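You will see subunit A twice below: alongside subunit B first, and alongside subunit C after that.
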Partner chain A sequence: MIHVDGVSFGYSSNKLLFENLSLKLHPGNIYGLLGKNGAGKSSLLRNIAGLLYPIAGRIEIDGCEPRKRQPSFLQDFFLIPEEIHLPSVTVEKYIETLSPFYPNFDESQFRKYLREFDMPEGNKITDLSYGQKKKVLISFGLATNTKHLIMDEPTNGLDIPSKSQFRKVVSSALDPHRIILISTHQVRDLDNLIDSIIILDDSKILVHHSLDEISEKLRFTTLVTAEDDNRVLYSEPSLKGYTVVMENWEQEESRVDLERLFNAVMNNPARIRKIFHRP
Partner chain B sequence: MEFKDKQSIYLQIADYICEQLLLGKWPPGDRIPSVRDLAGTLEVNPNTVMRTYEYLQGKNIIFNKRGVGYFTDEQATSRIREYRKERFLDSELPEFFRTLYLLDISIEELQRRYKTFIETAYPATL
Partner chain C sequence: MNQVFSFQRYWLLLKLDFAENGRRNALIFGVLFGLMLIMMSPVIDYRKFGFDPIVFHVLAYFMITFCTSLFTSLVFDKYASSNTGINAILIPASQTEKYLAALAANLTFATALIALYVGMHIWFVEILEKEIPGIINKKFHPSFIQLLVYTFFLIQSVCFLGSIYFKKAAYIKTATVFFSALIVFSLINRTYVRNFTNEDPSVSAVPFGQWNVMGRNSMFLIEYSQSTFLLIKIFLVFFVLALWYIAFVRLKEKEI
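Then we have the complex of A and B:
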């Protein structure tokens, strides 16, 4: 379990990026972390990875504190950062050097992921394009079989077919012992892949729920008219009337549209908090 | 698989599985893909497929053999027809009738078109 408990963080102590933030992430789930530019997503991920330290509060991952960077923690944790720097070696040399740090690394799995991503073999990593480097790192990260896998904007730089391949490999890499946490702006890339969502804004967590819970409380549908309907939290004009996010009083199940959910949360944070009973 | 906009994904996957069964692609009594395999194929979260399987299990359309996998029930097709028919008659048909009425389309024309549709879309089942 990843437990973020009352964490505050800022790059200078008089300007905090987030304050008293708490999160609990459980194995067997793929979490999507959403937030506007500069909301602090990457900083939060780097705190969880032990690359940055909280000013207050505590982060605990299966009994370890990431900031201590103990081997027992590091061998079960993998972070794919947004900006990647890979050494000038062949893919073979890369796995030979790095895989010993990950006891559950599975080379055949790694090769399988590279094949699924249509990667050419035997290349030097520096000769690869940005997107191809990213594919190497994603494949490696998944094949380490660490209990905790964090990806910061993983689909940036991937071409159109790779986004579908990305969903396939991540879906098949989830197991009941694993926590996968993905931050992104490209919500369409994660559609149907994540089962829980965390929305970070204005130094607070606005939403931290499973999509099942969200579709219980909110309904995503089209209405002929959206005015004077006090169930509606967010609406935008569409061909058939208004595409809306509304309170789900009738208990109708609908498909959660991540983009509209995000807009609804940004438009009306207080009401969202009330609907989900967050303090 | 192309998902529709409005209906929740786990129910759309349930419809997809039912369609495989009704079309005879997944015969009664046979083993169906594992949760993980189907999730990979459809590019969705495995927990969503799990929810679909539990839902279909509750409707006695598929069943779980512990440690072996999921299988289609021998009676699956008749149960699916029952459950799909109920849903169609309740929610889709009134909408369809409304359009027929608004556009003044006769039952005869509908019948003719239905016949052509079946002949072109599902020639193998004739």
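Then we have the complex of A and C:
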């Protein structure tokens, strides 16, 4: 479990990126971390990875403090950063030298993911495009089978077919012991992939719920008119009227639209908080 | 699991470093070998020169010392760069292992290069002695070779520390500190020698080195006793070890 407990962090003590932030991430889930540019998503991930240190509060991952960066912790933790760097070796050499650090690395899995990403074989990493390098790193990260896999903007640089391949590959790599945390500002890339969502804004967590809980409390639908309906949190004109996010008083099932949810949360943070804290 | 040191992880780190940097290091080594060959081989054609070409061997020493110090100053570069830093820091190994792997890779390169230099010097001078029997011995005195080797490693260890101590322009800052310290130390040594000899201008000395007494037509060398010289050498070895240790402490301080 990843436990962030009352964490505050900022690059200067005058301006905190997030303050007294707490969350618990449980194994067997794929979490989507969403937020506007500059909301502190990458900084939060780097705090979780032990690359940055909180000003206050504590982060614990399965009883380990990430900041200590002990080998036993790092063997079970893999971070795919936004800006990637891979050495100038062949893919074969890369796995030969790096995979022994991860006891649960599975080469057949790695090859399978590369095939699913339509990656050519035997190439030197430096000869690959940025998107292809990202695919190698994503495949490697997934094949390490670490308990904690963190991805920061993993779909940046991937073309449209690769984004759907990414969703397929990542969802197939989840197991009951693993936590996958994906940060992105490209909300649509996480459609049909994540099962829980964390929205970070203005140094606070606005939403930290499973999609089931969200669809229980909110309804994503289309209305002919959105005016004078006090259930509506967010609306935007569409061909059939208005696509809306509204309170789910009738307990009707609907598919969570991440982009509209995000907009609804950004437009009505106080109301969202009230809805989700209502007993 | 041992969180501080494991031979298996250390070996993996060395293999990783070799895979990532082996080709680059071999290329640099090859270039330096070529340059040494160009600079040191002319001594064989001793008669063609109007001066003693052994001076090229001294220049070759300065060349490899300078180039190796540049190489050494990049030893922790992968941890400092934002591109490579995250990957390098999150490799599942301890700080001790990462530090020792960087040190081992650096020492392997530096030791191989200085050994090659000494070997080439002896080899070329022996060829010269076969070519021109009876020529004055051009081979460096063993104590001079020792001095070269000690100085070489001293400079490398200073650069090793500088590479982790300074965040930006590490090489320039290290060189500035090193030469400033050298000047201050030489001045202190000079003052000491002058006081000792009642301001005799004919006496000069370099730190840890013999004293030169210039006569009207002659020069005397006052050497340290064997035991004092041994103590100086031991001191230098400990000094180098201390610099490596400070580099390790600095690495821990920076929480790399």
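Remarks
In this section, the second predicted complex is superposed on the first by the 277 of 279 C-alpha atoms of A that agree within 3 Å, B and C clash if a C-alpha of one lies under 4 Å from a C-alpha of the other, contacts with A are read in each partner's own complex, and residues count from 1 in each chain.
Throughout what follows, a contact is a pair of C-beta atoms (placed from the backbone, for glycine too) under 8 Å apart; a residue touches a chain by one contact, two chains touch by 3 or more.
All values derive from a computational prediction rather than experimental measurement.
On the superposed subunit A, the two partners subunit B and subunit C both fit, without a clash.
Of the two partner chains, subunit B is the only one that A:Ser215 touches; subunit C does not reach it. Using the contact criterion defined above for the overlaid structures, shared-chain residue A:Arg115 touches neither subunit B nor subunit C, since it reaches no partner.
By the touch criterion stated above, A:Arg67 is placed in contact with subunit C alone, subunit B being left untouched.
Of the two partner chains, subunit C is the only one touched by A:Phe101; subunit B is not. Look at A:His26: by the touch rule set out above, it reaches neither subunit B nor subunit C. In the superposed model, A:Val89 makes contact with subunit C only, not with subunit B. Contacts of A:Lys274 after superposition on the shared chain: neither subunit B nor subunit C is touched. After overlaying the two complexes on the shared chain, residue contacts for A:Ser172 are found with subunit B alone; subunit C is out of touch.
Superposed on chain A, the gap between subunit B and subunit C at their nearest CA atoms measures out to 28 angstrom in whole units. Annotation: subunit A has no residue touching subunit B in one complex and subunit C in the other.
For subunit B in complex with subunit A, the touching residues are 3-9, 11-12, 36-37, 39-48, 51. Contact residues of subunit A toward subunit C in the complex are 49, 51, 53, 67, 69-72, 74-75, 77-79, 81, 83, 85, 87-89, 93, 96-98, 100-102. The touching residues of subunit C, counted against subunit A in their complex, run 1, 3, 6, 9, 12, 15-16, 19-20, 23, 82-84, 86-87, 89-95, 97, 255. For subunit A in complex with subunit B, the touching residues are 28-30, 164, 167-169, 171-172, 174, 192-195, 212, 215, 220-222, 253-257.
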